[in-house]
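Shared between the two complexes below is chain A, which pairs with chain B and chain C, respectively.
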Partner chain A sequence: MFHWLEKNPFFFAVGVFLVIAYAGLITILPDFMNSARPVVGTKPYTVLQLAGRHAYIKDSCNACHSQLIRPFKSETDRYGMYSLSGEYAYDRPFLWGSKRTGPDLMRVGNYRTTDWLENHMLDPASVVPGSIMPKYGHMFNNKANIETAYAEAVTVKKVFNVPYDEKDMPKLGSFEEAQKLALEEAKEIVDNMKNPTVKEAYAKGEIKEIVALIAYLNSLK
Partner chain B sequence: MNWLNDNVNLLGLLGAAAIIVITVFVVGKYIKQMKTDKSTGELADENWDGIGEYKNPLPVGWALSFLGTMVWALWYFLAGYPLNGYSQIGEYNEEVAAYNTKFESKWANPDAETLQGMGEGVFLVQCAPCHGITGDGINGKATDLTSWGTEEAIVHTILNGSKGMNFPLGEMPAGLLDENSAKAVAAYMTEKVSKTGTKNSDLVATGEALWATCAGCHGEDGKGMGGSAPDIASYGKPEFVASVLNHGKKGVIGTMPSFNDGRLTDIQKLAVGKYVNSLTQ
Partner chain C sequence: MQSSSMINYDYSVAKLFAFATIILGIVGMLIGVLIAFQMAYPELNNLAGEYGTFGRLRPLHTDSVIFGFLVSGIFSTWYYVGQRVLKVSMAESPFLMALGKIHFVLYLLVVAAVVVSLLLGITTSKEYAEFEWPIDIGIVVIWVMWGMSIFGLIGIRREKTLYISVWYYIATFLGVAMLYLFNNMEVPTYFASGGYGDWWHSVSMYAGTNDAMVQWWYGHNAVAFVFTVPIIAMIYYFLPKESGQPIFSYKLSLLSFWGLMFVYLWAGGHHLLYSTVPDWVQTMGSIFSIVLILPSWGSAINMLLTMKGEWQQLKENPLIKFMVLASTFYMFSTLEGPIQAIKSVNALAHFTDWIPGHVHDGTLGWVGFMIIAALLHMTPRMFKKELYSKKLMESQFWIQTTGIVLYFSSMWIAGITQGMMWRATDQYGNLAYSFIDTVNVLHPYYTIRGVGGLLYLAGFIMFAYNFYKTITAGRVIEEEPRSASPMAA
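For the complex of A and B:
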C-alpha cells in the first residue's frame, strides 16, 4: 500500500487531508452550531459604536491591543471572564489580535470610564506613567464618520440578517433617524467629557471621532 | 563552586559528559566503517539516475515503535480524544476552583501586614490607572485618596455634596451646613459615629447638636438606615472602601466602575480598603 501511495501523489495527498481533517472534525464540529450563535445578550453595534470601531481599525488600535481573553486564571483575574466565540457574532471583522503591546480590550468597558478614556487618549502618559502608547489628539478634531457606519449597518442587516430594528436590539431606521439616534447616544458621553472642542462641535450637531471611539470602548463588556 | 551541590546541575553536567563520550565513540566507529566498508546485498527495483537502494530489513526497534505509534494513533483518534471529553474550559474551571479553595483557606484570617501587602498589589493593578500609583488622583483626574477618610474630607463632602452610588435616598446636596458647622459635625462623626478619633475634640458637643442634619438620611447611628444611604459609621475604614468597590460611583469628578464582577474576592476588597486607609496616614 505504501509503495502504491508513493507512486500516486494525488491519493497520498487525499490520505493526508483525511487524517488532518479528522482532527478538525472531531474538535470543531460537535459544538460548532451552538458556539457560532450570538451569546444571549450580545447585541449588534449601534451606528455610533460602529463609527468608533472604524476609528479603532483605522488607527490600528488592534495592532497593539488584542480583544480575546484566554481561559487562564492570570488572564481572567486581570481582564474578566474569558471570551466566548458567540460574543464575536456581530464583529465584522473580529479584532482578536495576537500581539499585546498594550493590554487586552475585550471588556474594557467594565473597568474604564468615559472621563478616564478622554484623559488617556489625549495623553496616555498622564494617567499611566511610562506608557509608550502614542497620543491620539487628532481624534478630538476629526469628525466621526456616521455615514459609513450607517452604510455598514444597513449592509450587514440586509446581507447577513443582523437583527437591527428588532425587539430589544439597536434601531437603525432611515439615515436621518439613525443620525438623530447617534446624536442622542453621543450626548451622555459628551456630557461626561471636559474637552471644549468636542463640546462646541456637539452643540453644532457634530460628533467627533473620540466620542464614537469612547462609545465603542464603553460597549466592550 | 556552590552550584555543584545542586543535584539537577550535577545530573545535567554528567549527562552532557556522557553525550560527548558517546558521540565521539559512535562517530569514530562509523567513520572507521565508512573507510573500509564495501556495499553488499540485493538492490531494490527503483533506480534514480544510477542511485539505487538496498533491500535492507527494517531495524526491529524502529519497526515496532512505528507500528505501536500507528496503533496508538488509531486508539487516540477513535476513543482516546473523542470519548475522553477533555475541554480547555473544564481545565480552567478546575484550576480556578482549586486556586480559590487554596486562597480562602490560606487567607481566611489574614494579619494586618498581609492585608496591607495584598491591598497594595491589587491597588497597583486595578486602582492605579485612575487614582495614580501614589493614590493622589493624578492632578484631580480622580479622587485624591491620600486625603480620603480624614475629617477634612468629611468637611469637603458636606460643603460639596456627594452623589452617584445609587442609594435609594439619592444624592447628597452641596452646602447642607456652613464650614464651621461642618467641622463640628466632622469632629462628632469621627469621635462618636465612625470612632476613628478626632483632632478637634472641643467641637464634638457642637457637632452632636447638628448631627440631626446627617441622621435624617444616614440614621442616628450613621449606618445608613438599612441600605437607604451609605453607611458612614464605617467611613475611614476598609469596609467603606469595600462598599464603594461594590457600588461603583458616578461622582462629581467622573465615573468609577463597580468591581462587583468577581474579579476581586471579599478579602481582596478589604485589603484594598486597608491599603487605601494607609495612604492617608
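For the complex of A and C:
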C-alpha cells in the first residue's frame, strides 16, 4: 500500500491529511461547548478595560506574565484561588502565557492598587528592587485606543452573543455613549494617580494607555 | 536511473531563498542575543524607546527565526531538492519559474509587514501566530503558492516514486496549512462593528480555554511541521548525498514518517497541563508526547546508522559533523520534551526557563545545524564554486556547539532552581521566597545564556562570511561533485 501511495501523490496527500487531522477533532471538539460556558458572576470587560487589555497585548506583557493559577498550594498561596475554565469565557484571546519571567497576574487586582501600579509601570525597580522588568514610560504618553476597544466589544456582542447591555452587565450603547462611560470609569483611576501628563490629558478628555491598563489590571480578580 | 547531470536544474529561486535564510537568520539571532542580555541587564530595554523593550522584541525574535530563517531555509532547500529528487528542472515550466519568483517577492513583502507591525505592537498575542488578519491573508497566499510549486513540480516529474524528502515536504505543506487556518480564525472588528477603530484589528473566534486549546494544538504542531518535519526532509536528502551512503533502512523511514504524522498532533495538550482544559486532554497530551519518542528516534537512528562503517567522514568533513550532531541533538531534544511532558515534571518545569532551554537545544542544535549543513552542501552545486574555507567551518562548528551547551545547561539550572524556589516552604509551611528572590538568583544563568547565544551568532556570521566568500572568491569547479562537497583548506 505504501509503495502505491508513493507513486500517487494525490492519494498520498489525502492519506497524510487524514492521519494528521483527526487528533485535533477528537481532543478539541467534545468539550468545546462546556469550556465556553462562563462561571456565574463573570462579566465581559468594559470598553476601558478592553482598551487596557489591548495595551497589555500591544507590549506583549503575556510574554513574561502568566494568567493561569495552577491547583498547587504553592500557587494558591502566592496568587490566590486556582483558575476555573469559566472565568476565561470572555477572554478573546486567552492570555495564559507560557513563561513566568514575572509573577502571575490572574488576580493581580486583589492585591495591587492603582498607586502601586502607576509607580511600578514607570520604574519597576523603584518599587521592587532588583526587578528586571522594562520601564513602560511610553504608556503614560500613548493614547488609549478606546475606539478599537469599542469596535471589539460591539463585534463580540454581535457575533458571539457576549451579554453587553444586559441586566447587571457592562453597557455599550452608541460610540459616543461608550466614550462617555469610559471617561467616567477612568476618573477614579486618574484621581488616584500622580502623573501630571496623565491628569492634564484627562482634563482635556483624553485617556492615556496607562489608565486603561490599570483599569484592566484592577479588574483581574 | 537517469543521470542527474543530464538535466539542467534551475536554482535561481533556491539561491534567492538561501540569501534570505542567511540574512533573516542573522537578524533573528541578533534580536535573540539582545533580549537574552536584556534579562540579565534590564537597562538594555531602553535602547530604542518603546520599540526596544523585551515585550516588543520577543515576538520579533521568535517570528524572525521561525518564519524568516527557518521557513526561507525550507523554501530554499525545497527549490533545490524538489527538482533533483523528482528529476525535472523548474526551467522546463515557465509557469513554475514565474511562480517561484513571485513567491519570493511576496514572501519578502510579508516579512517586511511582519517586522513593522510587530515593532508597532500590532499583535494578536498568540505565540507564533501574532499576525493580524491582513498579514494572515498574505501568509495564506504565500503558502498556497508554495503548494502549487510542490504539486506543480510533482505533476511534471520524471521519477515516478516520491522520495522520502518529498513525503516530508508535502506533510509540511498540509500540516501548516491546516493548523494555521484554524488557529487564526478571527473576526475583523472594523467591518463587524460598522467602521469603528483600527481596520487591521481582529478578535479571536475562540474564547478562553478553547482559544488556549486551539492555540497549543497549533503552537506545538507548528514545532512539528516547521521545526521537525521539513528538517527531516532535509536530512534524508543531504546526509546520504554528502556522505555517499544509502539510507540505512527504508522500513524504518516508513515507520517513522507515518508514526510521526499520527502521533504528533495529539501532543499539544502538554502545554496545558494543570490548566483549565479537561483533564483527559491533558493526560492524552502527556501520553502521546512520550509515544512520540518512537518515531522521532526512528528517524534519528536511521540517520546515524546511515553513517555505519563510514565514521571517518565525521573527522574529515565538517558538513557531516553538522548533520550528525543535528541528529544527535534531535534525539536529545525529543527525549527531553517527553520528560517535560510528564505531569509531575511539568509541574516543576512549566513557566520556567527550562522550557526556552529545551526549545533552543532543538532549534540551535537540530534545526540550525541542519539548515547550515544543507546550505553548505547546496552552495558549491548552485554556484559551481569550491567552499571557501574548511578551517572556518571547523571553528564555526566548535564555537556554535559550545554556545548551545552553554545555552541549554544554564537554562536547565535556571529553570529547575526557579521552579524549586517557587514551591519551597519554610518550617511553618509558608512560602520561603518572594517572587523577586527567584528572579535575582537567575542573573548569572541569564548572563551565561546570553554568552551562549552570542557564540552561536558569531558562528553563524562566520558561516555567512564563508558563504559570501565562496560565491565571490571560491575556486570554480567544472563538474558537479558526486558526494563530499569540495572545500579549500
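What we mean here is this: the second predicted complex is superposed on the first by the 185 of 221 C-alpha atoms of A that agree within 3 Å, B and C clash if a C-alpha of one lies under 4 Å from a C-alpha of the other, contacts with A are read in each partner's own complex, and residues count from 1 in each chain.
Definition applied: contacts are C-beta pairs under 8 Å (C-beta built on N, C-alpha and C of every residue); 3 or more make two chains touch, one makes a residue touch a chain.
Treat the numbers as computed from the prediction; the structure is a model and nothing was measured.
Participant: Please indicate which partner A:115 is in contact with in the superposed arrangement: first for chain B, second for chain C, both, or neither.
Facilitator: It touches chain B, and chain C stays clear.
Participant: For A:179, is the partner it touches chain B (first), chain C (second), both, or none of the two (neither)?
Facilitator: Neither partner.
Participant: Of the partners chain B and chain C, which touch A:195 in the superposed model: first, second, both, neither?
Facilitator: After superposing on A, A:195 lies clear of both chain B and chain C.
Participant: Should A:126 be classified as contacting the first partner (chain B), the second (chain C), both, or neither?
Facilitator: A:126: touches chain B, not chain C.
Participant: Just chain B (first), just chain C (second), both, or neither: which does A:58 touch?
Facilitator: A:58 sits against chain C, while chain B stays out of touch.
Participant: Tell me which partner A:78 touches in the superposition: chain B (first), chain C (second), both or neither.
Facilitator: Both partners, chain B and chain C.
Participant: Determine, under the contact definition given at the top, whether A:151 touches first (chain B), second (chain C), both, or neither.
Facilitator: second
Participant: Of chain B and chain C, which one touches more residues of chain A?
Facilitator: Answer, by number of touched residues of chain A: C.
Participant: In the overlay, answer first, second, both or neither for which of chain B and chain C A:49 touches.
Facilitator: A:49 contacts neither chain B nor chain C.
Participant: Across the two complexes, what residues of chain A are contacted by chain B and by chain C?
Facilitator: Overlap of chain B and chain C footprints on chain A: residues 27, 71-72, 77-78, 128-129.
Participant: Which positions of chain A touch chain C when the two form their complex?
Facilitator: 2-3, 6-7, 9, 12-13, 16-17, 19-21, 23-24, 27-28, 31-32, 34-36, 57-64, 66, 68, 70-72, 74-75, 77-78, 83-103, 125, 128-136, 138, 142, 145, 147-152, 154-156, 158-160, 175
Participant: How about chain A: which of its residues touch chain B in the complex?
Facilitator: Touch list, chain A to chain B: 22, 26-27, 71-73, 76-78, 80-82, 110-116, 119, 126-129, 192.
Participant: For the complex, which residues does chain C have touching chain A?
Facilitator: Touching chain A: residues 38-40, 42, 45-46, 49-50, 53-56, 58-59, 121-127, 151, 154, 160-162, 167, 170-171, 174-175, 178, 182, 187, 189-190, 192-194, 196-198, 201, 203-204, 206-215, 217, 254, 258, 261-262, 264-266, 268-269, 271, 274-278, 281, 284-285, 347, 350-353, 355-356, 422-425, 430-431, 435-436, 439-440 of chain C.
Participant: Considering only the defined contacts, which chain B positions touch chain A in the complex?
Facilitator: 77, 81-82, 88-89, 91-92, 95-96, 99, 125-126, 129-130, 132-133, 138-139, 141-142, 253-257, 259, 261-263
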